[in-house]
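Here come two complexes built around chain A, the first alongside chain B, the second alongside chain C.
Here is the complex of A and B:
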């Protein structure tokens, strides 16, 4: 499968009479976008903009989505939601690189996050560096939470696809080609190099902790194989209200960093054969079944090593350790990517499960570490104590009288991303 | 900070203050402006970058025998001088002095949020008791090693005073605190993972960023011989609290648990109970909290004589992102109360 990604670098975002990209500026026709997002489940929809360096706080942020458009090849972006359920990942896709859609509004499940566009909090989230089109949508009265989540999820995807359309006929600033051959061909490549795979764990604990693969709730899948380029067209979509710091937003999936960094070293240090996606269901039988299937598929790919990434924490730590130990016992060398909940003082045990076979671990940091976020001049969404004190990572008194926030970095969207998106780590002092 | 000196308060015992030995170990806390005793060497080692603004002195016996009150007074005295860093000791192998330095460090860190540097011989009991609260430089077992210890302490004081990121124990020369600290590094996590995998595949050395701990395993308790006579309690990490969450238990990373009286309660309703838990869709728990904390079923079983009785109180916290250390602390307190109340068995519910 061969995909050309055409990156159009976005250097500013403004409202305008027409939605278009011109000289690196994304112009947004606000009324047209709002009209495009109409949904009987949503009572109000508004749009605002946030740029890097501004004194702006966006809270509670549910999802982040990068605007993309399918220019050539089968299907459309976000198959199963916006596009039909075609197999995506080939042809050509244009990306508004540097632009991002953020969804906010009434809190859905206590686990939406904060994005600060400047100040100390900005260092922890990638979305302080993007030109953000913020969708502020509130549900109709009496809408159940799962329906609220679905409506907000779809609004974000539709907004990203709508904005992506503006890049359809724009000449990209760079075009990167990804070539991912079928298994039989892949195995013949680079015979002298070790073969590797990626085990991509998707949050699927349920009750607002869901991820979708081609529109299917990941709870309902058995581990399966996908081409790396499929994720670049939005085959994996976040439906999560898990803690903001380590949920993989749809933006993270589109730019899945382990996939990109493995592709970058493909043919140099190893032969990257492919990706196994698996879930993180809550019952022991599900965990056993999924980790067994994962180990079986990875073994079937005939690889020598694998990187395993987790999403979330606590309960999924068990899935991570099962995947790791089952692969290691088959003689497949693993590296695990996780984050830590070591307590505010950093002195507690970091994970809920453990194994001596998990001897190669990359950590994205301790989510419990405390940060103070200074007040911001502009708030998009709702920064009252009703939100800030109750979303995960906040506590009673998090919102202080001067508008500053004292909270765990858990509260910041993407702060301890377990796909290894950030440069943060933790070490023992 | 560049033109402003780092402010240091120094804590020492009666011996190093020149008040006296064991016979004077009962002197209560006192304070003096500027340096006293080993503070002079510390002042020299700190040079122009930092200044010892005050010294707080307490007898070792007094401190250890009046732990709460002494530590409160010492913290108040320290706070008054508005320090950037506190130095305690060095205590070498003096056990009670080491414990006092450690307790001062804990109180200063917990209450004032100010970092503390100390110095001790590795076998000083103060090291194991308080290592996580202070940067403790390793010293020899007696004051003969003062000359080596002081410059090392001064180096850490300046580093902390300037707010520079602290290196690992091996890099900086203190005894490992066992505390995880976030750090920004050069490469993103995915690249670090790829490089670690390449090293592992090629049997080259690599350093895991998180060494896995070995876990405690809890033996299951003995079965209850006759449940119909047992007093049964409910304990949950599912966050079920009286409506309004009176103890304001956090939705994640709980720092406390609640104890709630359910005498006369036979059913948890949407009007009376809810969940504080932020880790799941609360709709079903809020509609009927019995789904998480089955008071209704246990009351029926109590009426039918299937269980002896349901304990008058239930305990609840939020398990979402709550550190194991906090969970273990809650469990210890809850278990002690349950045992004291004659509870025979506990049903633990999670979500």
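Here is the complex of A and C:
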């Protein structure tokens, strides 16, 4: 499977009479976009813009989605939601690189997710660096919460696909080609290098904790094999909006650093064979079954090692450790990627499960670290105490009289993202 | 299958069957009750730390266990419930649960119920 990603660098976003990309500026026809997002489940839809460096706070952020459009090859972006369920990941896709759709809207009262466009909080979220088109949607009276979440999720995806269309006929600033051959061919490549797979764990426990693969609720899947490029066309979509710091938004899935880094090192340091997608369900039997299938599938791929990324904290730690130990016992070396809830001083046990076999672990940060977010001039969404005090990572008195917020960094969207999509990190030089 | 399991909960909005146990107490009380049941031979069906809503954020917890007791303690269940209890105690010690207005409590109950339903819809046939 061969995919060309054509990145169109976006340097600003503005409202305009026509939705288009011109000289790196994304112009958005607000009325047309709102009309495009009409849904009988949503009473009001509004659109606002947020740029890097502005004194703007967006809260509660539900999902982040990168505008993309499929210009060649089968299917459309976000298959199962916007596009049909064709197999995506080949041909050519244009990306409005630097632009982002953020959805805001409160499904439950404790929902979290802060994006500050400037100040100390901006350091913790990648979405302070993107030109954001924010969709503010409110449900019709009495809308059931599952339907509300689904409507918001779809609105974000539709908005990203609508904006992506503006890049269809634009010449990209760069084109990157990803070549992922079928298994038999892949195994023959680079015989001197170790073969490595990626185990991609998806949160799948229930409302506000769900992820979708080609439109299917991931809790209903058995672990399966996909090409890395399928993810880049939106085969994985997030419906997960609890625990802002370590949820994978749809944007994170599209841009998974693990997949991109593994592809970049493919043929140099190792032979990257492919991706096994698995879930994180609520019952122990489901966890056992999924980790058994994951181990079987990874063994069947004939790899020497695997990277495993977790999503969330608590019971997914059990899934992570099951995946890790079952692979290690088959003689497949593993590296786990997770984040930590190690207390404010970072000294406590980080995970809710552990094993001596999990002897190579990469952390994306300690979600319990405290941060003070200064007041912002503009609020998009709702930053009243009603919201901020009760959201995850906040606590009573989080919102202080001057409008500043004292909270754990788990309140910030993407702060300890377990795909490693972080602004602050340690890198090997 | 529903009558082959016990739901242990402090969530008053959960519909209970005769064998279920309502704990008039905290999330920790629910976990401790589950630990006692595991010591008596019941096995965990759902993970006690289900949900990304942390044990020091939500006041509610519903856990599913087997109704049948086996003569032998299930050590996997025991290790999971002990580790979960330890994690919950540690997190609550560091940042105690705050007081929530009624409508937020209802939202926490709703999410707990949704995750419980997710577990109940996936009860293994072999228990």
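We take it that the second predicted complex is superposed on the first by the 418 of 429 C-alpha atoms of A that agree within 3 Å, B and C clash if a C-alpha of one lies under 4 Å from a C-alpha of the other, contacts with A are read in each partner's own complex, and residues count from 1 in each chain.
In this section, a contact is a pair of C-beta atoms (placed from the backbone, for glycine too) under 8 Å apart; a residue touches a chain by one contact, two chains touch by 3 or more.
Keep in mind that this is a model prediction, so the values were computed, not measured.
Peer 1: Clash or fit: what happens to chain B and chain C when chain A is overlaid?
Peer 2: Partners clash after overlay.
Peer 1: With the two structures laid over each other on chain A, which partner does A:349 touch: chain B (first), chain C (second), both, or neither?
Peer 2: After superposition on chain A, A:349 lies in contact with both partners, chain B and chain C.
Peer 1: May I ask you to decide whether A:283 touches chain B, chain C, both, or neither, giving the answer as first, second, both or neither?
Peer 2: second
Peer 1: May I ask you to decide whether A:209 touches chain B, chain C, both, or neither, giving the answer as first, second, both or neither?
Peer 2: After superposing on A, A:209 lies in contact with both chain B and chain C.
Peer 1: Kindly classify A:318 by the partners it touches after superposition: chain B alone (first), chain C alone (second), both, or neither?
Peer 2: In the superposition, A:318 contacts chain C only.
Peer 1: In the overlay, answer first, second, both or neither for which of chain B and chain C A:341 touches.
Peer 2: So A:341 meets both chain B and chain C here.
Peer 1: Spot which of chain B and chain C makes contact with more residues of chain A, would you?
Peer 2: Of chain B and chain C, more residues of chain A lie in contact with B.
Peer 1: Name the contact category of A:20: first (chain B only), second (chain C only), both, or neither.
Peer 2: A:20: touches no partner chain.
Peer 1: Once the shared chain is lined up, is A:219 touching chain B (first), chain C (second), both, or neither of them?
Peer 2: After superposing on A, A:219 lies in contact with chain C but is clear of chain B.
Peer 1: Considering only the touch criterion stated at the top, classify A:247 as touching first (chain B), second (chain C), both, or neither.
Peer 2: Second partner only, chain C.
Peer 1: So the two structures are superposed on chain A. Out of 189-197, 243-251 or 333-341, which stretch of chain B collides with chain C?
Peer 2: Given the superposition on chain A, chain B and chain C clash at 243-251.
Peer 1: What part of chain A is shared between its chain B contacts and its chain C contacts?
Peer 2: Residues 109-110, 145, 205-209, 242-243, 313-314, 341, 343-344, 348-349, 352-353, 368, 390, 392, 395-396, 408, which sit in both footprints.
Peer 1: Which of the residues in chain A end up touching chain C in this complex?
Peer 2: It is residues 108-110, 145, 203, 205-209, 219, 240, 242-243, 246-247, 281-287, 312-315, 317-318, 341, 343-344, 348-349, 352-353, 368, 389-390, 392, 395-396, 408 of chain A that touch chain C.
Peer 1: Enumerate the contact residues on chain B facing chain A in the complex.
Peer 2: Its residues touching chain A are 132, 166, 168-169, 176-194, 196-198, 200-202, 206, 208-215, 248, 250-253, 255, 278-284, 319-321, 323-326.
Peer 1: Considering only the defined contacts, which chain A positions touch chain B in the complex?
Peer 2: Per the stated touch rule, the residues are 109-111, 123, 144-146, 194, 196, 205-209, 241-243, 257-258, 260-262, 264-265, 269-270, 304-307, 309, 313-314, 333, 335, 337-338, 340-356, 358-369, 390-396, 408-410, 417-429.
Peer 1: Would you tell me which residues of chain C are touching chain A in their complex?
Peer 2: The touching residues are 44-55, 57-58, 64, 76-77, 80, 83-84, 86-87, 90-91, 94-95, 98-101, 103-104, 107-108, 110-111, 114-115, 117-119, 122-124.
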